[in-house]
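Here chain A shows up in two complexes: once beside chain B, once beside chain C.
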Partner chain A sequence: MTNGYHIVVCGSIVPDPLQTLEPIQTPTGPALKNEMMLPAVLDPWAAHALYEAANLASKAAGTKVWLVSVGPKAKLQQVMMTIAQRVSFELVPVDSSASGFADAHSTAALLAETIQGIAGLDRSRLLVFGGWESASRGAGATMQLVGERLEILDQFQGVDQLSVQADGSFEVLERIEGGRHQVSVCQGPPALFGWATGNLPEPRNNPQVGMANMRTVMPALQRAKSVPLADGGLHFLSASPPKQQRQTRVVKDLSAEQIAQEIAEWIGK
Partner chain B sequence: MSQNILFLAHVSETGNTLPKASYEVLGASLKLTKQLGGRLTIGLIGEDVSVVAETVAAAGADRILAVVGPDFASARYASDAAAAEAICRSAKADLILALATSRFMRVLAGVAHRLNGCVDTHVTALEAVDGEVRATRWHYRQRIEGVIRRDTRPWIVLLESGCEAAWVNTKTNGSAAKIEVIPVTLPKAATRTIVTGIRAPKSDVQTIRPDANLLFVAGAGWTKKQANGKTHVDQAEPLILDFLRVTGASLGGSKSLVDQSGESQAVLGFMTHLNQVGQTGSTPRHPKGLSTCCHGEEPHVVGWRFINERRAVNLDPNCGWARGKADVLYVADAFEVLAKLNALLAQRNRTGPEPAAQGALVN
Partner chain C sequence: MTVDIACVGFGPAMGGFLTMLSRCLLNADGSVRLESAMSPGLPLQVICYERGDGLGFGVSGAVTRARGIRSSFPGVDLTEIPMAAAVKKEKLVYLLDPTRASRRSLAFKAADRVLRSFGFLFGLKHDAFELPYTPLFMKKHDGLVLSLGQFNQWVSDQVAASGMVQIWPGMPVAGPLIEGDAVAGVRLADQGTDLQGHPQTGFTPGMDLRAALTVVGDGPVGAVGRKIDAQLGMPPEHGSREWALGMKMVVELRDDSGLEPGTVLHTIGFPEPEIFGFLYVHPDRLASVGIFVPSWFRSPVRTAYRYLQHFMLHPYLWRYLEGGTLKSWGAKSLQESGRHGEPFLAGNGYARIGEGSGSTNVLAGSGVDEAWTTGVQLAEAVIELAEQKRAFTRENLEGSYVRRRRESWVDRESKIAVDSRNGFQQGVVTGMIGMAVAGLTGGRVTPAARPAPSHLPTLEEGYGSRISPAELKQMQEECAAKGTPLHDRIMDRCGWPQIPMDGKLLISHQDALLMGGGVQAAPGYANHVSFRRPELCGACETKLCVEMCSGQAITRGEEGVPTFDREKCVYCGACLWNCAADGDGAQGNIEFKAGAGGLHSALN
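Showing the complex of A and B:
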């Protein structure tokens, strides 16, 4: 591959996992209480996909990385302040809902349409990356729907490793049952990869990368078109947090031996 | 209104059975078929489904459809999508139920798009109320439970394991399966990917055991400085591995522990991201869970949503487990407790029956 890849990473924002989430009912369906006030982060699996894209770009000269992100513009801007310092990319934002209650089909349609609208995107070099699930909807369906709309037949989910071979083919490791990986060889682009965690550490903040990214990120956010998401025929009859609160017995006065005895009996029951 | 229901399954890796939990989905399919007064079709995908078809023939489906051949032996998106699409079209199904295996999770969303239908995954309950099908699934990583219905048909629903009673063949005389094989010819573009094999850890270091009765979670505390100001990873590793060996438990880890391998800190050699439980890890299903050296913060504990009985060992009496997230919190040094526990369990195993063998399917 002499000209590199065109990697499009799909990734949106989710509430910071440390936040308490409380569902509320709105005229358009369930939502999170104070959703716009909650601190947000880039969806963790999508973030892995972005880091893997940057890693691949560093090895294949001429590669370009886009981050297509559907979410409220103000929240996207906030998250980009952090993410943009990590790796180089061109942001393609769409001002819309990033709710976990949004329909995967509607989100996928919007993502696919946005990808198709990227100027200069070369399908023969196209790799679509994303998280295999999100920390919001957690459907594990959106990327496949995007792939179908883009007519990509080589799709991989739960990807932990992508290795480019000497002949330009990819060796792909996908998570399967029992802590194992399925190994596949794909001839090359176009292909779609829903990433699991991969093996890369989180890149360190690099202010120079941040400054370079922000030259394009801010104008892109200003240009972002606002698109309402259709409900896609999905209706919520209820949305509620789990009710179970356990009565925890805190044991402070037993010796290690006594605790071991108690646990052994519990395991054996 | 009568509905056509399709139970869709693929053969397991052994090639002559269905994944065990598929029978739970068949049970759910039969229940819904009865509730809705519908017609059930069974769809099978694999290199050869004749043996599998015999095992489900007695379920009483109107039709058994199959796509077979070497092209459909392994889990490849393009071929599986073509096979599932062909079966769904032939069945003219309104509702398509399948087990959420990695193979079907990869492909059935794409099939839903091809059918102009819709898909929902990780469904934990399915019921018919006044002729309306309702599905329950979790949002925000098991933090909010939603009950949904869909206008669009066909509706593909991927069910999680352990949520429905499995169908059991109670008929004594075997029913001969009448299989309608649907021919599917793959275009060249669908064969650009070749599945070359499965990569698995050696059996003696395989720590993920989805069928285990117990989940054992190790937190970052195992690699932190102990009372003497030093880390004791060299002691932690054999203690944990011994415990897994004597109990047959499955090993989980907190994010902070599995992340350490990428941050060049002291790590447990057998712990990988595959073991990670929680917000960005798995949500395993085991009857019991024992947490050690883990604070029980919400992002981790959301991965325990389907663990019924929970106990924890931690030095901090005010950790997250104490706040209604565990049934019992032992405030103690996990190193000491595990050493005593291993000795006790080893002694019991020597004098009692062997622990039940554990399989390894899904985490």
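Showing the complex of A and C:
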């Protein structure tokens, strides 16, 4: 049996996926136009990891969850107002860039250093959670690099399920080609899990959780250190959003079947 | 759960309240100044719930004199707020009808004819006449052009960063906890339900949040304010009978549009005489452009989106907007009754602030600054009462909050404005003359009576002179069969030109929802719009709720009963006051509850 885990979730913010994103060139490299004005959300991949952490914490008494988040302090604060009413965690914010154009090595180095600086963290109980992918940092390499810097050998990526066995070991389902899962067993902490979508629904808002979280979230944000993120020698030749083609035609006299047929033909072209 | 102060709705009024209160909870040395009765030793425990997914979502662009806002931020350059600009140029413009399809009265037709015939004398250009001056009561010359989304975001960032109050977006409040004649807090919405509200997996009943003071700032269509009005009543002769739907777009202008940030245009005359329009220019080539469709526009197929497109296409505006790109879109109901719609401002355990408290000045067309100021006034009152350890009773709140409000410029100016719009129920010309006279005489001369809104005309009464009854009936039947609104057919038939879609700014209504910020509805909440007595909807001829629905979320359904799709609802509340089931629109057949989700754009 365990005395509970120390789960550190790495998760930052991305622009609300409902926004239209427009890459621009700035003197310091590519960026999104008016990114600070756009609404932000917790990276959906990291959000799954956080919900999985909260779920595991609810089943293993004594577990503590930290959320390590690298991003502009003002935007982190906005996102915490939504996230902090859903699950219990202690925020460890770092005031830095959450740009999708950041170098994965530099981001991983900053995350690993921040995790190592968490007071009272017990490596023998440590589980590092994060998103396998990211809605903005699409390289899919950051969590692996974090694990390497923390010298965590048991790493799993594309995780959909984590089950604690009776002997304390973990059974892990990782996504593999063909829509199947690879099943692994890991002895226990320390381990790192890059989550895919998991199986959990978004937790409900809970005012009591929010009240408790905010007693630590806002002071943590006020104390957050501002750390510039090194570019790691990364150089972008160009940046563009995924190509999309929008063609609007107003029709008033077609049936749903006819419209569907026309759309299918249009896609086929 | 128990707190000292529970707040509902985050808009300008709540921004003012929380800004002022959060600054005074502690002394300069960090000790507690206003102690919590619920948690002794701690400052007042204050929590605010906002139904929208973000604190800057789903609100509108505005021009405001910002007198109250400025006084709350001495020494702060408010033009540093994203999308804010000082007003530099302001014009009132009469737009003629270039389409010849507008429902113009004889007076308007005559005005158009005179202007067209003698345009060279009046400086008529681009089918528009720029009035030589803007009446003083309308002027915002010393004010600011704001994006309310960005303004609310800016305010909430500062309030939340203080750590003194908690603000939670994405959490609808179902209603007040009313005990006798007192409000004892609020009940949050149930979570984990199906669309009909039946419990599903993960059901969490709405939590009761008890509070010594409930601050109601949930706007004119908010569930808490309306339930308090329904259960505790309104002052005699008061009621929210006059409304308007404001619909707007934020447009990225082309490089050479020639519009300077801080430019403000108010328009009258087109697309219909009753519909007022505006164009406000923000920095970075962004402009807010929109229209107000009022309840006194007595068309049985009144609508907003298509009229907004025709408005933008007016030659006077299109020369600026052509080549622009839609960045955001939104709609909102405005309470246009002003002081006539003022509820009881305070009662045992509660106080009302902002637009839902009747603070909008209907003569000046100004609501943001007034709303902000009412929030500040309540904060000052709460500080006074908390320092004196006095309870939040009706008597104490009236002696502190209501007294401050009555002694302020907000109240003085609302008295001038109170009857200024009475004339609109009798016609646009009468209404405009009434406004002008009220404004120029400081409210001493106004249209005497405030007539009750008359019944909306039937389709035949409204369009019988242009379309034969048989054809009208055929149109109705075809639209009913296809489940489409009727206004497009009628407007086409009345000569309104087709919209030349360009895929950037002139786009379909549904594309506006997708490209203009996106609409989202989190799962696990019940539908917030339902139809109380379906048989009344079945018998309703006009189905104005369908025509006026800003997001096309309400559509014609089987057997004439509309259907509601919450994934398209922008929570504008137009259905609430456009339901003609009981004739006056005040309490129709539509149940409009607190709902989650809505627009996801902070540029509005």
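By definition in this document, the second predicted complex is superposed on the first by the 240 of 269 C-alpha atoms of A that agree within 3 Å, B and C clash if a C-alpha of one lies under 4 Å from a C-alpha of the other, contacts with A are read in each partner's own complex, and residues count from 1 in each chain.
Note that a contact is a pair of C-beta atoms (placed from the backbone, for glycine too) under 8 Å apart; a residue touches a chain by one contact, two chains touch by 3 or more.
Please read these numbers as outputs of a predicted model, since none were measured by experiment.
J.: A:Gly233 in the overlay: touching chain B, chain C, both, or neither? Say first, second, both or neither.
T.: A:Gly233 contacts chain B only, not chain C.
J.: Give one of first, second, both or neither to describe whether A:Ile267 is in contact with chain B, with chain C, with both, or with none.
T.: A:Ile267 contacts chain B only, not chain C.
J.: For A:Leu18, decide between first (touching chain B), second (touching chain C), both and neither.
T.: Once the two structures are laid over each other on A, A:Leu18 reaches both partners.
J.: Go through the superposed model and pick first if A:Gln78 touches only chain B, second if only chain C, both, or neither.
T.: In the superposition, A:Gln78 contacts chain C only.
J.: Between chain B and chain C, point out the one touching more chain A residues.
T.: B
J.: If you stack the two complexes on chain A, which partner ends up touching A:Lys64: first (chain B), second (chain C), both, or neither?
T.: A:Lys64 sits against neither chain B nor chain C.
J.: Can A:Pro201 be said to touch chain B (first), chain C (second), both, or neither?
T.: Touch status of A:Pro201: both partners.
J.: Which partner does A:His6 reach: the first (chain B), the second (chain C), both, or neither?
T.: In the superposition, A:His6 contacts neither chain B nor chain C.
J.: After superposition on the shared chain, which partner residues are touched by A:Met214: those of chain B (first), chain C (second), both, or neither?
T.: Only chain C; A:Met214 stays clear of chain B.
J.: So, does A:Gln247 touch the first partner chain B, the second partner chain C, both, or neither?
T.: both
J.: Identify the residues of chain A that lie in both the chain B contact region and the chain C contact region.
T.: Looking at chain A, the two contact sets intersect at 18, 20, 201-202, 246-250, 252.
J.: Spell out the part of chain A that touches chain B in their complex, as residue ranges.
T.: Contact set of chain A toward chain B: 14-15, 17-18, 20-21, 23, 30, 44-45, 100-101, 104-105, 108, 135-142, 144-145, 147-149, 153-158, 160, 171, 173-188, 196-202, 232-242, 245-252, 254, 256-257, 259-264, 266-268.
J.: Write out the stretch or stretches of chain C touching chain A in their complex.
T.: Going through chain C, the ones touching chain A are 1, 47, 53-57, 82-83, 150, 153, 156-157, 160-161, 163, 166-171, 188, 191-192, 202, 204, 207, 209, 284, 327, 484, 488, 499, 501, 503, 507-508, 511, 515, 517-518, 520, 522, 524, 600-603.
J.: For chain A, which residues count as touching chain C in their complex?
T.: 16, 18-20, 34, 36-39, 74, 77-78, 81-82, 85, 201-202, 204-208, 210-211, 214, 218-219, 221-222, 246-250, 252
J.: Help me check something: in the complex, which residues belonging to chain B touch chain A?
T.: Residue list for chain B touching chain A: 74-78, 81, 101-103, 105-107, 109-110, 112-114, 118-122, 134, 138-152, 189-190, 192-201, 206-210, 213-214, 247, 259, 262-263, 272-276, 279-280, 288, 290, 297-299, 305, 309-311, 313, 317, 321-333, 336-341, 343-345, 348, 360-363.
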